[in-house]
Structures are given as C-alpha cells and as structure tokens.
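What follows are several structures.
Presented sequentially are two complexes of subunit A, the first with subunit B as partner and the second with subunit C.
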Partner chain A sequence: MWIEIAHFATIAALLVALTQIAAPLVGITLGRPVWIRVGRQAAFTSAALLTLACAGLILSFLKHDFSVAYVADHASLDLPIFYLATAMWGGHEGSLLLWAWFLSLFIAFAAWRHWRTHPLSIPYVLAILGTVLAGFLLLVIFLSSPFERMLPPPPDGRDLNPLLQDPGMVFHPPFLYMGYVGFGIPYAFAMAALLTGRVEEEWILATRRWTLFSWAMLTTGIVFGAYWAYYELGWGGYWAWDPVENASFMPWLTATAFLHSVMVQERRQLFKTWNLFLITTTFALSLLGTFLVRSGVLSSVHAFANDPGRGVYILVFMAVLLLFSFGLLVAKADSLKVEARLESPLSRESAFLFNNLFLLVATATVLLGTLYPLAIETLTEAKVSVGSPYYNKVFIPIMLGLLLLMGVGPVIPWRRVDRTRLLRALLVPTLAGIGATALALGMGIAHPYGVATAALIGFVAVSHGRDFIAALRARTGRSGDSILLAPFRLIGRNKRRYGGFVVHVGILVMAAGFIGSGLFQEEQDLLMKVGDSTTLGRWRLTFTGIGQVSRHNWDAVEASFVVEGPGGQLLLKPQKRQYHRNDMPTTEAAIHSTWREDLYIVLGDRVDDRWAIRCYRNPLIVWIWWGAGLMALGVVVSLGQGRGLKRRDS
Partner chain B sequence: MKSTWKIALLATVMGILTLFYLGLGVDTRYIPSPLLDKPAFPFSAEGLDGKGPVVLEAKPGKWVLVNFWGSWCVSCVAEHPYLMELARKTRDRSDFAMIGVDFRDTREGGLRFLSRHGDPGYRHAFDPEQRIAIDWGVYGAPESFLVDPQGTIRLKRAGPLYPGWFEQEAMPLIQGMPP
Partner chain C sequence: MTAKKRRALLLVTLVVVGGALLALVVTSFTGSLVYFYTPTEIAAQSAGLAGKKIRIGGMVQEGSLHKEPGSLKIRFLVTDGTTQLPVRYEGMVPDLFREGQGVVVEGVWPTEGDFPAGTILAKHSEDYVPIEMSQEGIAKSKQSLMKSLQ
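For the complex of A and B:
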C-alpha cells in the first residue's frame, strides 16, 4: 500500500515539476506575476510530494514488505533497524529518489527564501531547477523505479550488501548528494543572472551561503567515504583514486576555486565570466559524478548499475543541460563589462588567480586520469589503468603550490603591494618554514614531499597566526577587551574571514595526516599460528587465539591479539565475517587509534594450521578525520556571517 | 571572452559527451589476457575420473578448448548446458577437442557436479592445488581458452561461454587457419 502511495506521489511530483518549469516562464512572457506565484507553489508541492514518496519507501522497508522488489533486494528480516531505515539509499533506484528529494527540498527553501529579495531571478531559477528535477524524476519513474512490485513476494529479502552495513556508508551518500544538489542553487542563480543580463555581484551575494553549505556537505561526504573505505574495506588505506572517488573530488576542486574567486568579484568586480564558468562547471561535474556512478560507463567498485539504457538517458539529459549552460555562457559572455583590471601581480587578487589556476589544473589532472582509460579503451580496444603513481606525481606538487599560496593569500593586500613590504610580512613565516624543515629533517623525514609539506605547514600556520595575533592586538588596544574574550569577539566581528582561517588550519592538520600515513605506513604480511608474535613499530603483537562469534545477521571467525605497546596492554580482535544472506566474506579490521598512529590488523584466510595476518602501522591517520572536523567547524563559523560584508574600497 | 576560448570550451564539452556516448557500448568487464597469442603451458595432470593422465600438447590440425571450472562455481552450472551441447555438436570434428580443468575442488565435489549436471563426455584434469590454473593466469571461474594446433592461446573468455560462442568466435579462427 505504502509503496503505491510513494509511486503516485512521485508521478504527481513530476507533473508538478513540469508546471514549475512552464508557469514562471509563461508569467515572464505575459508579464503576469500570478503565474510565477504558481511556480512557487509548485516548488512547495513537489517537495511535499517527494517527502511523502521517501517516507513511503522507508515505511515499506520498516514493514519488511518484500513484495517490493527494491526492498527484497536491499533488506532482510534480520537486518538491524538502523540499516533497515537507511537501506532506502542502499541501491541505485532509491539513491536517485534521495537525490530528487534533496533537490526538491532545496528548491522549496530557495523559493521561500529568495522570493522577496530576488523577484527578477526567481522565475528563471524555478524553471531551471524544475528542469533538473523533472529530469531526475523521469529517470526514477521510467528507468529505475524503486516502486516495482515482485509477486509472489519472497519469504525473505536478499539483505543489504554487507559492505554497506556500516555507519560511514550510511552517511556518505546523503552528505555527498546534499553537496551535489546544493550547487544547483548557485548554478541556477548564475544562469538566471545571464538570462536577465544582471551579471553584477548580486547572484554571488545571494548564494554565498548555499555555496558554503554545499561545499561543507561535499567535503564531509567525501571524508565519510574515505573513512568508510579505511574502516570497512580492510586494505589499510582510505583513498584509491578510483574513478568514482575522483568524480566526487572534481566538483570539490572547482567549488573550492569558486569559493575563493567570488571574493575577488565582490571586492574588485573582476573574474565575472570566470565565476559563472566555475559554478557551471561545478554543477556539471556534480552531474557527471552521478553519471559516472550510475551509468556503469567506468568500471569501478561503485558502478552498481551496468545498464546502458539508463546510461543513454542520463547522457542525453546531461548533454541538454551542459550545452544549454555553456552555450548560454558563451553567447552572453561578451555582454559582461569588465571595468577593473588586475593592477599588479603582487596583490591578493592575483594570489586568488593563481589559486584558481592551480585548482583548475588539479581538476584537469583528475579528469584526464579518470577519462583516459575510457578513451583508450573506446578508441583502441587496449586496456589501461591509471593509478596512484600518476596522481601522486602530478597532484602532490600542485597541492604543495596551493599550500604556499594559502600562506601568502591572507597577508597580501588587495590591489597592490610594495615588494619590500610583502617580503617583510613574509619574513617570519618563511623563517618558521625553515624551522619546520629543520625539525622535519631532525625527525628523520627524508622524502622531499614530506620535507616540503612540513615546511609549508610551518609557513602557513605562522602566517595565519601572525595575522590573527596582529588583529587581536589592535582590538585589545582599541576596545580594551579582556585577553580571554577578545579572540571570540574578533572572530565574531569577521566570521567569514576567520571561518576561512579555521578551514585552512583544518587543511594543514589533514596535510600532516596525508604525509604521515602516505609516507610512513608500515605493513607486514604474515602467516601466524596461535602463540606466534611479531613486532611492528612500537607494538608487539601476540596471536593468542581464534574463535567464533555470531550476531543476528552474521557469523564470524575472530582472532585475538594481545598487543603490548607504550600505553600498556590491549586486546584487538579482527574478524572475518560471513553474513547469512551473502556469499562474500567481509573483513572487519581491528583498529587501535592514537593521536600518533593507528594499529590496524586484518585477518585473512586459513592456510593449514596458520592464518594469514596483515597488520599496518598508519601514522597520523586520525589527523585526517580531525582536520575534516576543523574544516566543517570553519564553515559553520563562516556561515554565521550574513551578507553584510560588501565593503567598497574607497 | 575571446572566441578561441569559447570554441575550446564548447569543444571540450562536446568531446567529453562524445567520449561517453562511445564509451557506453564498451564492455568494461572484458579484460584481454596477457597470455593471448603466447604459447600455452602444456600440462599433463591426473584425470578427475582417475583413469590416467589428461594431457594438453600441441597436435597438428587440432584446436583445443580448455575450460576451467569447479563444483563451487555458480556460473559454471549456468554454463554447463552449453558445454554439453558443444561437446555433442563437435564430437565428430577432427580439428576440435575439449578439455576441462576442475580446479580448487575435491574429487567427490567434481564428480558429483558431473553426475548431477551431466557429463559432456570429454576428459577433465583434476587440479586441486591450482597448479595449472596459476600457470594459466586464471582468476575466476569459469574461464575458457582456445589453443591452436601450434599450441598458441588464441582466445580467452572470462565468464561463461554463451550459446553461439563457437560459431561466432571460434569458427572464424579455426577456418582462417586450415589444418
């Protein structure tokens, strides 16, 4: 019953979305605002209908309605309730519905929030986002419907893929999708700005919070994915440059470029076309990400659906959207008047320009690495794979360049700066960089990338710290705030700037994590009998026993390790799990995390009376998760700032 | 925006879309074997039936299909009817023979598989420790190799053979190189 309600609600939402495209456009053509109002009501209605549809699908899961094919494929009677409710996005069909639902909610929110403030843009925004929504709903209804019945119903379902029964994987898709979908709003405003010819700064100011929010969601989503890969897949790493990981990373890179370059347009009215290009590209890459995952065009662990029919549809949909967007941009670009020019290569705007160039080159690098195997295979029938050696070679130097710019950016003023003043401002950070280099060499870091990263971390940290302290001094001197309160008041005064600082610090923490885990991972591959011991770094591991454990939907072989380390003794228990309804065993790594390093043990196959054991020492890996937390915190601080920062240089 | 940039932008977009369009038809699961057009590892292994060794060696005028399978493999069950049919159809051909390799298996398991799903009539090598399978670079089951009279691997298919495989893929090769 519920599934039919969900199905009809989705069909109704499609019809309403079509109204949402047509009505505002009619309203503009006829000059009748009442039609635009119809479009607005349509946005609210489709959000309500899709909420009902999602609720219906989730209820079908909770009621174990195995006559619904999608439920039977992704749940079973003994699936825990938490995974039962979230299995809705455990497969292709449901996750597309989730995508559409987020989009409809965001459209409704935008229609409510920007209705009064942006009367000229809103009809176009509604029509454009309505088109995207309708495109996704057509896909959900006709090509990958989660609402199909399967009669007679099986007595039990096939269960959720065991790898997805993990908290990291429960949160990864929704966050990622909120990021992808969220960029749709600034994109639609950008298109509206082009269509109305009002390509001043207004669309950027209007969507600043949307952009920040989406960027934070995308960042969190990507990190959840990495966290899941680390904890659940049992190969000791967190990022493999898999095509679909790249697909989520590319919009992140262009969005990061966009976040920075909009500041230049706000302050100096530069980069107008460039910003339009960046946001269009970001949203296009978000769609591309969906296409890559959902069409099976690239083989990858993520390509669940290998269905060319679907692929053709998504491709046509994407072609229409891309050609419209970039075509509009190209057609209207000449009407953008650029009054200002870069005054000097030594200025903050040119630092942002370089930041953007680096990020774009990084995006191109990833895009090339992702598409190259497909191109070679399509054109020549040979097989190639592009893996981490390529990315490490090309990507890391670019990221180091970005770190350098990150240190320079905040201390260099707008418009122009005198060379000696700039050098003086950078003197102390440079000394800190040299100090960090010496420290890194002293700690035995020999790899050039490791040394360079350490140096840059010192440089950036001190350049940010000095800037903050100088501002703090000025403030305490002027207002007489107490030393304890002053930092918070200062941050509160300019949340946007200092939120950005916090994000930057998060990136530094992460960079330390990347270097630690990337360059200093130690791995051992052993065959061990009960009673055997091995030494890994500061840890001494003794294999003390092997046993069986069971939970309601799996059985496992569990090994026990007594680990003696600096903090005393601990017991670690890696498992090899066999879920009842799945043939493939999964590994549950046993992980002991400290701020210095993770100890990571994986139980493998049995070979006669011995067991294959892999253990890793992963230095500084928790710094990656902490860094991500800081980045999220920074965005929250930054989001606190309204639009009141538009100061003109006198 | 300069017109060169405009053209470059639109060309890039079109290029990527075209690539995806072409890429949609590509079977991403197809992986060519590095053993293709290399001499096959000859083997002489104990037969699954226990009646003396099963031997693969180059014989003038004879093409051999080597099929790796195991009783533990679900896709092998799906493939089996076609193997039965192919063996029946080609029984009288002098230029074509078939050999099975039952690997990573127990003898009882392999024999039970044949009695349950039918015995196609050709002989099977028994390879419990995967010696042959490792030499041949087999990473899944079923996998099939077509070896020409000179002992060179000419075709490899990972996954089940499909009805019509012999006519579509093997015959052109066999006829293109008369015995």
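For the complex of A and C:
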C-alpha cells in the first residue's frame, strides 16, 4: 500500500510542479501577485508530496515488500536495517527520486527564504526550478519508476550489491546530489537576473551561501566516494579517473572557478557574462553527471545496466536547458556591458583570471577524456579508453599552477600592485618555499613533482600565515584583545576571507596526500604460507594463520597478520567475503592508518598450500581525508557571514 | 608601464599560459589512448600492433587456465567464440576472474610469444557488463570484422 501512496504522491508532485511553472508566469504577465503566491505554495506542496513519496519507498524497504520490483532488486531479508533504509538510493530509480526530493526541498527553502528579499526574481526562479523538477519527475514516473509491482512477489529479494553495503557508499550519493541540486538555485537566480534585466551583483550576493553549501556538499560527496573506493574495492587506490568519478569532478572544477570569479564581479564589476556562463555550465555538468551515471552509457563500475531511453531523455533535457540558458545569455548580451577593465597582470583579479583559466583547462581535460571514447564508439566501430596516465600528466602541472596562484592571489591587492609591494608580500613566502625545497630534498624526496609540491606548500602556507599574523598584529595593537581570543575575533570579523584561508590549508594538506600516495606508493605481490614473513618499509608482516568467519549475511576466509612496526605490534585481518545472496566474492582489505602512511593488506586466492597476498604502503593517504575535513570546516566558517557587500573598489 | 602596455602584457601572458596548457593536454592525450580489440580482430591485424598498449576482451576459455606451481604466474586463453588468444600474467587476479567469465586484459603487444597482461579487469558484478565484454559488443566486433573481410 505504501508504494501506491508514494506513487500517487509523485504524480501529484508533478502536477503541482507544473502549477509552479505556470502560476508565477501568469502572475507576472497579468500583474497579479496572488498567482505568484500560488507558485510559492506549489513549491511547498511538492516538497511535502515528495517527502511522502520517499518515506513510502523507504517504508516499503523496511517492510520487506518484495512485491515492489525495486525493493526486490535491492534488498533482502538478511540486509541490516541501516542498509535496508538507505537501499532506497541503491539503484537508478530510487536515486533519481532522491534527486527530485532534494530539489523540491531546496526550492521550497529558497521560496521561503528569498520571498521577501528578492520579489522580482522569485517568479522566474520558481518557474525555472519548477521546470527542472517537472523534468525529473517525468523521468521518475515514466522512464525510471521505483514504484512498479512485481506479482507474484518473490519470497526474498536479490539483496543490495555487497560493494554498496558500506557507510562510505551510503553517504556518497546523497551528498553528491545535494551538491548537484544545490547549484540549481544560483543557476535559477542567474537566469532570473537575465530575465529581469538586473544583471548586477544582486543574484550573486543572494546565492552566495547556496553556492558555498553546494560546493561543500559536492566536495564531501566526492571524497566519500574516494574513501569508499579505497576501503572497499581493495586495489590500494582511491581515484581511478573512472568516467563516473570524472562526471562528479567536472562540476566541482567549474564550481570552484565560479566561487573565485564571483568575487571579481562583487568587487570590481568584471566578468559578468563569464559568471553567468560558469554557473550555467556547472549546473549543466551536474545534469551531465547524472546523465552519465544513470543512463548506463559508460562502461564503468557504476553503470549497472543499459537503458538508452533514459539516456536520450536526459540528453534532450540538457540540450533544452543549455539552449535556453545560452540563448538567453546571447539575447541579453547588451545588458552585460562592463565599464571597468582589468588593469594589470599583477593584481588580484588577474590571479583569479588565471585561476579560472587553469580550472577550465582542467575541466576540458576531463571532459575530453570522458566523452572522447563515447564519441569514437558512436562514430566508428573502434573502442578506445583513456587511461589515468593522461590525467596524471595534465593534472599535476595544473595543480602546481593553482597552488602557485593560491599563494599569490589572496595577498596582493585588487586593481594593481607595484613591484615593491609585490616583493614585500612574496619575499618571505618565497624564502619559505626554498626552505621547503631544501627540507624535501633532505628527506630524500627526489621526484621533481614531489619537490615542487613541497616548495609550493611552504610558499602558500607562509603567504597565508603571514597575512593572518599581520592582521592579527594590527588587531591586537588596536583593540588590545588578548592573544588567545584575538585569532577567533579576527576570523569572526571576516569569516569569508579566513574561511577561505582554512579551505586553502585543507587543499594544501590534501595536495600533500595526493603527492605522497601517488608518487611514493610501494606495492608487493606475494605468495605466502602460514609462518612466512615479509618487510615493507618500516613494517614487518608475518602471516600467522588463516580461518573462517561468518556474519548473518556473509561468510569469509580471514587471514591473520602480525605486524611489527615503529609503534609496536598489531594484528591485521584481511578477508575475502562471500555474501550469501550474491555470486561474487568481495575483498575486505585490512588497513592500518597512521599519519605517516597506511599499511594495506589484501588477501587473494589460494595457490596449493599458499595464499596470494598483496600489500601496499600508502604514504600520507589520511592527509587526503583530513584535508577534506578542513575544507568542509572552512566552508562552515565562511557560511557564517551573511550577504552584504562591504566595500567596492572601483 | 602605461595602462595600455599592462593590459597587453596581461593578454599575452594569458594566451601563452593557456596555449602551453592546451599543448600539454593535447600531447598527453594522443599518447594515452588505449584501443580495444577482440581476439579475432587481433588475428586480423596483429602485425601493426607491436609495442602498442592495447586492451583485449572476451571470455576466459573453460579449461584453459593454467597456474604455474609455486608462483603467481598464470596462463589462459581469451576467446570471443571464434578465435583464442593466449595470455600470460603474473600477480594477484581480481575477485571475479574465473574460467567462463568475461575478462579484459591490458598490456603492450609483444613482438612474439603470449600476450603479457599487465592488468586484468574482470566482470564487476552480475549486473554489470562492460560494453566491451557484452555479447552485443562481441557480435558488433564480429560484424565489423566481416565487413572488413568483404
């Protein structure tokens, strides 16, 4: 019964979403505000209806209603309750519903929050977002329905893919979708700005927090995915440049560019068209991400089935969105004339310009590598794949370039900087960079990229630290704050700036993790029998036994390793699991994490009386997760500051 | 420096940096493409492949998997139903690597001897079939082979 309620609620939400498109437009045309109010109520109603729909689907899972085909495909009687509830987004159909639900919640929140403050934009925002929502609901109802019955019901379901029975995978999609969907709000405000002709900074200020929030969600979602790949897939890495990973990375890159370039428009009224282009591209790439993953056009771990109908639909949907947005942009180009000009290559805005250049080339790199194989396959008979060497070759230099800009941009002034001031700002950071180089060489790091990364980390850290300390000095001198409170007061005074600093430090920490694990990973493939030992870096591993373990929905072969390392002895137990309802065995790597490195052991097949063992030493890998945590913290700090334009420099 | 000169300098820097980045992308890209073949396609054109990194896909032929005792070395045949191709590999195989299952092997085509696989990609779940390994994919490559023979 619950599934019918969910189904009807979704259909009703579609009808309400259509009202949400029509009513505000009627209201504007007739000049009757009451119609706009109807649109607002529609936004609230569809959010409520879709909440009901999701609840209905989750309840069907919790009640083991295997007469629902989607439940039967993604759950079983054995599945623990936590995974039972979250299996709701374990497949295409449910995850599209989740997407639509998030969108409806965000629309409702935006309709409530911006109703008074942005009365002119709101009707258009409602209509545009209503269109996106209706588009997704059509997809959910007609092409990808999680509500279909399967009669007679099977006695038990096929179970959730064992690889997805992991906390990392449970949180990966919702965070990613919140990021994707969240960019819809600034996008809609941008389009509304074009339609109302108010293309000044208003839409950017209105949606600053939406943009930051979505960026943080997307970042967290991507990192959850990487974390899952590292812990669950057992190949010792976290990022494979898989097309589906790329699909979530592309909107992140353009969104990062957008976060930076909007500051230039805020302060210098430059880049107006560019910002509109960036937010449209970001939202379009979010849709492309959904399309690539959910249509199954890619041969990848994530593409579980082929369904061209869905793919064509999302493709048409995207084409309409792009035509509308860029058409509007071209039509209104006259209103986007910029009076101010970029004055000098040495200025903060030009640092942002280069930041955008690097990020856009990065986006193009990923787009090319992701879509080229698809194009080749469609146009010719050949099949081709683009391997990770391509991405690594391009991305490391881009990352280094961005780090350099990150050290310069925040500490030089807008408009232009003269040579003496530039020298004063960068002399000490440069010396720090040289110091870091010497330190890296002293530690035995020989790889040029490793040395360059160390140098730039030193450079950026000191340029940020020096700026912060100078501000702190000025503040304690002026206000007489105590030395303990002053840093917090200072951050509180300018949460945007220092929140950004924290994000940058997070990126430095992450960069160290990328380089450490990417360039200095050590791997051994061995055949061991019980009693054998091996040495890997600072660790000595002894294979002490092999046994069987069972849980209620899986059995496993488990190896025991006694590991002697700098911190004493520890026991690591890699497993090879066999889930009852599934043919495929899965690997559970045993991982010991320290701040310096991870020890990572994988159990393979039995060969006569011995076992295949693969072990990795992954330097600095936890720095990636810590860096992500710092980035999220930085965004939280930055979100603390409301809108408001403090100073104009023109 | 005058304002005009500064702007010109900015433009030049932008073009130079952008051009260098694009050159980096293009040169890295052309060297990183890995083409995919079935054993039948390989049989038809193996001459030109020596030294190239390629992927070969098909099924692991039933009964062909041979493990060398006391090592992680294995040999097996990859088949597309028409042609078999001998492959050797050393190392741990993926969870789903078995006889009768789909497989994609990646390596550099040798001038002689068995194909030395550097990487084995196996079928990832019962729901998931890489396009290269699906029956349709194999049928398609057969068609294209027939076309080229005619």
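Keep this in mind: the second predicted complex is superposed on the first by the 646 of 650 C-alpha atoms of A that agree within 3 Å, B and C clash if a C-alpha of one lies under 4 Å from a C-alpha of the other, contacts with A are read in each partner's own complex, and residues count from 1 in each chain.
One rule holds in what follows: contacts are C-beta pairs under 8 Å (C-beta built on N, C-alpha and C of every residue); 3 or more make two chains touch, one makes a residue touch a chain.
Keep in mind the model is a prediction, meaning the values are calculated, not measured.
Asks: Overlaying on subunit A: subunit B and subunit C, fit or clash?
Replies: Overlaying the two complexes on subunit A (C-alpha atoms) leaves subunit C and subunit B clashing.
Asks: State whether A:434 touches subunit B only (first), subunit C only (second), both chains, or neither.
Replies: After superposition on chain A, A:434 lies in contact with neither partner.
Asks: Tell me the contact category for A:614 with respect to subunit B and subunit C: first, second, both or neither.
Replies: A:614 sits against subunit C, while subunit B stays out of touch.
Asks: Just to be sure I read the superposition right, which of the two partners does A:384 touch: subunit B = first, subunit C = second, or both, or neither?
Replies: second
Asks: More residues of subunit A in touch with subunit C or with subunit B?
Replies: With both complexes superposed on chain A, more residues of subunit A are touched by C.
Asks: Between subunit B and subunit C, whom does A:161 touch in the aligned arrangement: first, second, both, or neither?
Replies: The answer is second: A:161 touches subunit C but not subunit B.
Asks: Looking at the overlay, what does A:585 touch: subunit B (first), subunit C (second), both, or neither?
Replies: second
Asks: Just subunit B (first), just subunit C (second), both, or neither: which does A:397 touch?
Replies: Second partner only, subunit C.
Asks: Does any part of subunit A touch subunit B in one structure and subunit C in the other, and if so which residues?
Replies: In the superposed arrangement, which is not itself an observed complex, subunit A uses residues 299, 303, 377, 382-383 for both subunit B and subunit C.
Asks: Subunit A touches which residues of subunit B in the complex?
Replies: Against subunit A, the touching part of subunit B is residues 1, 6, 9-10, 13, 16-17, 19-26, 28-29, 31-32.
Asks: Applying the document's contact rule, which stretches of subunit A touch subunit B when the two form their complex?
Replies: Per the stated touch rule, the residues are 273, 277, 284, 288, 291, 295-299, 303, 306, 308, 311-312, 315, 318-319, 322-323, 326-327, 329-330, 333-334, 371, 374-375, 377-379, 382-383.
Asks: Spell out the part of subunit A that touches subunit C in their complex, as residue ranges.
Replies: Residue list for subunit A touching subunit C: 161, 163, 299-301, 303-305, 341-345, 350, 353-354, 357-358, 361, 364-365, 368-369, 372, 377, 381-387, 389-390, 393-394, 397-398, 401, 416, 525-527, 576, 582-587, 602, 604-605, 607-608, 610, 612-614.
Asks: Sort out for me which residues of subunit C touch subunit A in the complex.
Replies: Result: residues 3, 6-7, 9-10, 13-14, 17-18, 21-22, 24-25, 28-29, 31-36, 53, 55, 67, 69-72, 90-93, 95-96, 124-128, 130-132, 137, 140-141, 144 of subunit C touch subunit A.
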